[in-house]
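Common to both upcoming complexes is subunit A, partnered first by subunit B, then by subunit C.
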Partner chain A sequence: MNISLAPEILFYIGKFGVSNAMLWSFVLSLVILIFTFFIRRNLKPVPGRIQAAVEIFFEGAYDFTRSVVGDDRKTKKIFPLVFTLFIFILAANMATFIPGQSALTLQTEDGVVPVFRAIMSDYGLVFLLTIIVVISTQIVAIAINGPFGYVGKYFNVKGIASFFKLAVKGEFKPGLLAQGFLDLFLGLMDVVGEIAKIVSLSFRLFGNMFAGEVLTAVMMFLAPFFVPLPFMFLGILTAVVQAFVFSVLTLIFITMASETQAVE
Partner chain B sequence: MDVESAKVIAAGIAVGLGAIGPAIGEGVIAGMALSAIGRNPEASNKIMPFMFATMAVAESTAIYALVVALLILFVV
Partner chain C sequence: MELFNALGLNVKTLLAQLINFAVLFFVLYRFGYRPMLKFLDERKEKIEKGITDAEKAQEKLIQMTEDEKNIIKEARKEALVMIEKAKNDAGEKRNDILKKAKEEIGKVIDIEKAKMQIEKAETLKEIKREAAELIIVAMEKVLEARLGDKNDKELIKKIVKDLQ
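Here is the complex of A and B:
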């Protein structure tokens, strides 16, 4: 049994090592793109079977997104990002269940390496997706609150400032000062929360997929026939649920960032 | 005790203890969701997605423990 945390390098382009997870992710992106163009070119007023299935899928996803966001204009802006993430992660996770792929290996300098790998069990790629989500969340927050409102949300000195304003006038209210410090502290805790988002979002997907791979490998090692089947079924469930969860959390983060703070 | 066996024991303890809390949490979430569906069966389509989402959030601490165990076993 060999289990490696990092993806295996297949070949080098110059000094840039192309890993199996990366190669596989490019192949998968290409497949999704070709499928999308095929559907788009063959759009008809009366849908055929494939088009009908795609339409049902899209409409269900769009309705769900709107039920979370609650606004048609915002939904049209958020939906492409969220749905792309969902499709890509779902395809990446389901691709690990294509039979026979783990039999393909390649002879390299570092020994025999498998050509295919579950894409989401490469932490680099999951981290990249998470960074895209977190940065777009921050951009939405800045665009909604304005740069000063954005900074003010995390370094909240409004309460302390109003205490000193009143103190200059001669009114002394220590309660206001305590409230101000509490606001400042809560704002700083929000900074920690934003950083924790990166860790929690990426490790959730990576951990689940990697654990699924390891579990299947261990079960195959212990009992090659029939016993791994229920675990693989559990793996399919995890693959769908984790893709769903990643995109729903993205949706929720961006929706929360796009809501203006009405509290003054 | 040598370092190798200490690593194996540490990984086992990390996952074993880390899985207790999320297991209880997921049980509570699933129970609540099922009782909500029992009261209002028409709302099950609305409840199920949020049940899965919150379950994944509760699960994340177990995943952290798992990642720590994997790091102990394969990286450190």
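Here is the complex of A and C:
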């Protein structure tokens, strides 16, 4: 049994190594796109079964997003990112359950490698998605607070400045100084929080999917019949829940960032 | 760095995935979400409009039924009035006709009566004349036998004439 933390390289295009996870993420994206075009082409005022199912899913997601965001205009901006993340992660996780994948291997220079790998157990991709989320959050925060307000939130020297202003006038209030330093410290902690967000968000998804992969592999190795089934059911649950958690956290981060001013 | 290698992180891969996700996102946004939302909104509007229209139609229908009822009521009333009037008219006419008929019958009877009167008078006259002739003939026969006198004859004639 060979478990690799990094996705295995299947083949090279020039010097660029195409890993199994990346290949499948591309294939999956293509499938999603084709499905989208198929739905788009066949949109009818009176929906058929497939369209009705898609509509229920889509509208449910939209209504849920709106219930979190609270306002229709904002929802229209946030929804595409959140929903894309959700269906991409969900599809990637569910694709793990297409049977027969682990049987396919490929002989390469690095040895025998599996052709298929759970897409979200490629940390590179998860990391990238997280970075996209965090950067979007920061952009929203900057757009809402303005660049100075944004920087001021993390390097909060307002309290200290007001202490010195008063000190120049002759009023001496040490309490204000202490408050100022506390604000500065809390602001710096927020920076740490933003960085921690990247780590927590990405490793939650990656960890869950990778653990699921490993667990399934181990169970298959130990007892290939029937015993892995409960773990696979659990895996389906994890697949849905993690996709949901990732996108909902994205939604909440962005919503919070868009409301900073209102809270203050 | 070692950690990054162990996790399979490198810039090229990240870039490739970024492009992949960006394409996925934009295509889905452009061809998936926007038309879908628009489509759903349009249909929502349509359905809302349909429902309001249906409500309006329902109201109108109720109004119309009410109107219809009123019209029927009115018509019934009018019909009753007309029937009443017709009955009255018919009664009057009958009375008129009866009266006229009676009058006519009366007239006819009067005329008949008058005719009968005249006939009766004529008959009586006839009877008288015939009786007078008979008497004259009888008288003549009787007197001829007893009187041959011219004067007497004259006298008798005169008497008979007076009788007539």
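Convention: the second predicted complex is superposed on the first by the 260 of 264 C-alpha atoms of A that agree within 3 Å, B and C clash if a C-alpha of one lies under 4 Å from a C-alpha of the other, contacts with A are read in each partner's own complex, and residues count from 1 in each chain.
We adopt the following convention: a contact is a pair of C-beta atoms (placed from the backbone, for glycine too) under 8 Å apart; a residue touches a chain by one contact, two chains touch by 3 or more.
Being a predicted model, the structure only gives us computed values, none of them experimental.
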Which superposed partner A:Leu5 touches (first subunit B, second subunit C, both, neither): both
Partner chain(s) touched by A:Val245 [first = subunit B, second = subunit C, both, neither]: first
Touched partner set for A:Tyr150, first subunit B, second subunit C, both or neither: neither
Touched partner set for A:Phe181, first subunit B, second subunit C, both or neither: neither
Touching partner for A:Ser19 - first (subunit B), second (subunit C), both, neither: second
Which of subunit B and subunit C A:Leu128 touches, first, second, both or neither: second
Broader residue contact with subunit A after superposition on the shared chain, subunit B or subunit C: C
Subunit B versus subunit C as contact partner of A:Gly207, first or second or both or neither: first
Which superposed partner A:Phe64 touches (first subunit B, second subunit C, both, neither): first
Residues on subunit A lying within both footprints (that of subunit B and that of subunit C): 5
Complex contact set, residues of subunit C against subunit A: 5-10, 12-14, 16-18, 20-21, 23-25, 27-29, 31-33, 35-37, 39-40, 43, 46
Subunit A partner contacts - residues on subunit B that touch it in the complex: 46, 49, 52-53, 56-57, 59-60, 63-64, 66-67, 70-71, 74-75
Parts of subunit A lying in touch with subunit C, wherever the complex brings them together: 5-7, 16-17, 19, 22, 25-26, 29, 32-33, 36-37, 39-40, 43, 45, 55, 58-59, 62, 76, 79-81, 83-84, 88, 122-125, 127-129, 132
Contact footprint of subunit B on subunit A as seen in their complex: 3-5, 64, 67, 200, 203-204, 206-208, 210-211, 214, 241-242, 244-245, 248-249, 252
